[in-house]
Amino acid sequence: MISDGPQHSVSLGPILLDHPLVDASGTFDLLEYSRRYDGDYFADFPYAAYVPKTVTADARTGNPAPRVTETPSGMINAIGLENPGIHAWIDQLPEWASLRQPVIVSVGGNEPEQYAAVIAALEAHLAAAAAGTAPRIEGYELNVSCPNVSSGLQIGADPSATAEVVAACREATDRFLLAKLTPNVRDVTEAGAAALGAGADGLSLVNTFKAMVLDRQTLKPFLGNRTGGLCGPAIKPIALRMVAEVAQAFPDTPIVGMGGVMTGLDALEFIACGATAVAVGAANFTAFEAPSRILQELRDELEARGFASVAEARGMALRA
Amino acid sequence: MISDGPQHSVSLGPILLDHPLVDASGTFDLLEYSRRYDGDYFADFPYAAYVPKTVTADARTGNPAPRVTETPSGMINAIGLENPGIHAWIDQLPEWASLRQPVIVSVGGNEPEQYAAVIAALEAHLAAAAAGTAPRIEGYELNVSCPNVSSGLQIGADPSATAEVVAACREATDRFLLAKLTPNVRDVTEAGAAALGAGADGLSLVNTFKAMVLDRQTLKPFLGNRTGGLCGPAIKPIALRMVAEVAQAFPDTPIVGMGGVMTGLDALEFIACGATAVAVGAANFTAFEAPSRILQELRDELEARGFASVAEARGMALRA
Amino acid sequence: MSDADAQTCGDHSQWAETSHCRVAGVRHFGAFAAVELIAPRVARRAAPGQFVMVTVPGGGFLLRRPISLFAAHGDRIGLLVEARGGGSEQLTQLDVGDNVDVAGPLGSAFPTEGVTNALLVGGGIGCAPLQYLADQLAAEGAQVTAAFGFRDFRSARAAGAFSIDRLWVATEDGSVGKAGTVLHILASLDVAPGTTIYACGPNPMVAAVQRWTFAEGLRGYVSLEAHMACGTGSCHGCVVDTARGKVRVCSEGPVFRLDEVTP
Amino acid sequence: MSDADAQTCGDHSQWAETSHCRVAGVRHFGAFAAVELIAPRVARRAAPGQFVMVTVPGGGFLLRRPISLFAAHGDRIGLLVEARGGGSEQLTQLDVGDNVDVAGPLGSAFPTEGVTNALLVGGGIGCAPLQYLADQLAAEGAQVTAAFGFRDFRSARAAGAFSIDRLWVATEDGSVGKAGTVLHILASLDVAPGTTIYACGPNPMVAAVQRWTFAEGLRGYVSLEAHMACGTGSCHGCVVDTARGKVRVCSEGPVFRLDEVTP
């Protein structure tokens, strides 16, 4: 294949991505998009891989409303991992079996066994599933931002709890395994090292920052859950710093960077800080076309700066 | 005294403040303000107490330029504690001896002895100083965001290092002692408990979030120091959450809340989350009149909501 | 419940792609602005009760604002916006010739098929979707009566934006129309049996209208509000409790059967 | 160094309170806008070389932008703004009648006392403060020559905003004036002994002008740029290295003696 412009494909571990952009778990629902589109959204799917909303072993109804609101250059959410549970989730797989892109399944839980149960159920299903009845599931992202049942702290804030979750999941699958780190820590490389040590193949970061918004009228916490997770452009400078730290600490590890990506330049900044792929979260809420716009902008940035490939830009900010 | 509107004065431990607003260390230089003012700025000083920029034992030249830039709804700085050292600092005291408001001196260092040395030098000076040659120094704020010489981590990210700094300073003074906590931790109450256990009288929070901004052209870290501290409205939701956690954990502790206060309502939100006093940082850079505007807005908010006093609003958001 | 045979509110055409629209007209009513946009593709698909996600121009606001369709005809849609916070305030300041991005129509619509008598009950800015609904019902030959409640003189300014033949207004402070809530209007109306109720307004009003509707042995529909992030079913931010559990207002709603919501 | 007897640049009147100013005139030159503001209290205190901190209207930008005084006369000040990033771009879009907040004048000024021959050397938007300086020097009876360098045709559009009698322009791409940098103009000029040099522009230009000035045995002044937060001496964000250590551009500068800076 002869290509004139920069090479956009990247290898996220064993997963070949056409370009570096994926959706951030919980911010993009493929089926809902396809229902509201004038055409075949499966054919036009803009991301290089699909990361669905976190699924847990049992069905969860999530937190009381209100669950979202805007903050200066950001937003806060407390959805509470609402999801139908892995069994109902598996039942839906045929509906999006025609997706061409690889899928990275986001998995949640409150203890290691719950994570492993999700993966085991899915692996069992995939082993038995008829051809064409499931999308191309190539990896897992372990969302360790759920509170730990025993400590109450987020699992990801505790390196040893993180390691336990990863180890349990590593037993349950041979597929690519990402641990998604929480930024609510002193040193994000501690949980990163624990996850990699326990068998994770790569790291995703950042999840949201624990935060609080008050109701202007009552001065009480606005969200039904009192606190929620802050994301969006407001946090980008902190997320970039954390991605750079992880990339520096684990130079050969596949990294999915995220936090406030709104433009192609933002995505390129994460790549420059060492990300292999970049996830787009809150930007999905700004316009239906945000993914394709950001992708086009990223392509233009790479081209205008004369990069031969995405790989060439990777880690730019880390080199002296 | 008969007062119609709400009662604005608050007690920050033993320090009586006319109202809850103080400046955040490093963002407001009284002498520079008075030089650029058409009148007697000492007489018109809008804050209830003055917190000067952090002073260290030895003079520091700070970080290479650039040191500041803007981010979405925030700013990042890497000044690097530039200051003339406590001895030259003491020499300047007569220049602002006429300030009526109490002063809380922000102290920095890389190990406990350096903090204690600053306080010891100042206490020795004050004990000997002639009347009218120094302002009314009533307390200290220990800025434990400096990197620890031995661990490299911020002192405030390590509860035991924090306790050592506080304990050393507690030996050196009987005045009111605040520990200023860093938000770059998993649980801000851990360092808070350590500081209080070692003899701190109160807590200030938050200092800035470690963050990184890239140069748009080069994709290299923009700041001379590569990373810096993020502040401003972007971080307010996280800061409010942390202040609420500390206020809940230590209900009777004087707390100076800060992070992104731009309006009187923002200040009231910190009070609702349990702050006794509220510090204004980056807002000082938006207009010379920001302190008096925010104070007036806070008064208006209290009045419009029918609060009889600031104390009545304190902790509103914490109660069920 | 008498609603058992009510039509379902779902399955209306939803379209999330962005339309860049020119403002063709603006009328101000106190803190309210009726904004007319040229949006042929939205107008063509729209049904009363649906909403659009509107990008606040200027770049200062991350999330889009959900706004009901106040009108839709030909290549135009109309929005009635109340300045409440920063974003909606900026939308009320749109000028003719400005451009604004909208995505829609989104969400479910008010069923109207076979309705002969309709009573539209609105509270505050919740009245907005009822103009479009009234137009549609009238076009389908139904008898339409509307009862709108407002807090005070300022919020009753919105009434000036509506043209519905049989429109009763109440204000809590008595400054305009009947003194009291919209329930006082309902109590004084002679409601034909089989009348369909359509409600939109603050939750306490919806709850009261619900009780009244059931007491009268009627059935109806309600449009609910919720804080939204995506507006298109992705984020699960906009849930409300219903008889069938938590559902998304942007996706399963905003229009629900009156008997399935618990406001 | 020949600068030993140069005047100090400090101790000019600085005033940080906010002036709410009306835009009285705007002229556009490509990506540049010359904006005239009614700002009597700023204008009265101003001296060439000083700057103002300008609030970007609209609320989207936290920090104010430092902008040099391009002109000051009567109750007016002039700014010449180049659209570089988001904030300066918005400033170039100001319209007559708009309001904008400025604080100033701030910083040190170009000393002019006793100067008989002046050579003003500017690069890019660094030329901005030199118009006001030229006006002042001319008013004081000095012979003024200016040499301005621009990158290309687009950036040379700024030259249209200036009115200086003896003004030489160079562009690196040769599209306007002399081809090359401002140093090429300097090389071709016949500079009278004792001429005072005033420079403002990108650091590499300042460094080159500094070398040239010393080689010619002349003395001069330079206005430096730095990223600023407060603009008023509080934050220590704007330091540059000088012979006397790190100093604040907003407070000790922006104007320094050419022999004390290390650009």
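Going by the order they are written in, the chains are A, B, C and D; count residues from 1 in each one.
Convention: contacts are C-beta pairs under 8 Å (C-beta built on N, C-alpha and C of every residue); 3 or more make two chains touch, one makes a residue touch a chain.
Since we're looking at a predicted model, the values are computed, not measured.
*Asks:* Can you name the chains that touch chain B as well as chain D?
*Replies:* A chain counts here if it touches both chain B and chain D, and no chain qualifies.
*Asks:* Could you tell me the least number of steps, going only between chains that touch, from chain C to chain D?
*Replies:* 1
*Asks:* Which chain maximises the distance between its CA centroid and that of chain C?
*Replies:* In terms of C-alpha centroids, the chain at the greatest distance from chain C is D.
*Asks:* As a quick test, compute the distance in whole Å between the mean CA positions of chain A and chain B.
*Replies:* So the centroids are 36 Å from each other.
*Asks:* Using Cα averages as centroids, what's the distance between chain B and chain C in whole Å?
*Replies:* About 48 Å separates the centre of chain B from that of chain C.
*Asks:* Counting only residues that touch at least two other chains, what does the list for chain C look like?
*Replies:* Within chain C, no residue touches at least two other chains.
*Asks:* Can you tell me which residues of chain A touch two or more of the remaining chains?
*Replies:* As it turns out, chain A has residues touching two or more other chains at 73-74, 232-233.
*Asks:* Please classify the inter-chain touch graph. Allowed labels: line, ring, star, complete, other.
*Replies:* The chain contacts form a single closed ring, each chain touching exactly two others.
*Asks:* Let me know each pair of chains that touch one another.
*Replies:* A-B, A-C, B-D, C-D
*Asks:* In the complex formed with chain B, which residues of chain A make contact?
*Replies:* Answer in residue numbers: 71-74, 76, 153, 157, 184-187, 209-214, 216, 219-221, 227, 230, 232-238, 240-241, 244, 260, 265, 268-269, 272-273, 305, 313, 316-317.
*Asks:* Tell me, which parts of chain C touch chain D in their complex?
*Replies:* By the definition above, chain C touches chain D via 58-60.
*Asks:* Taking the touch rule as given, give the residues of chain A at its contact with chain C in the complex, in rising order.
*Replies:* These residues of chain A touch chain C: 26-29, 32-33, 35-38, 53, 61-62, 65-70, 73-75, 77, 79, 82, 232-233, 282, 284-289.
*Asks:* How about chain D: which of its residues touch chain B in the complex?
*Replies:* 14-18, 55, 61-64, 87, 101, 103, 106, 226-241, 245-246, 251
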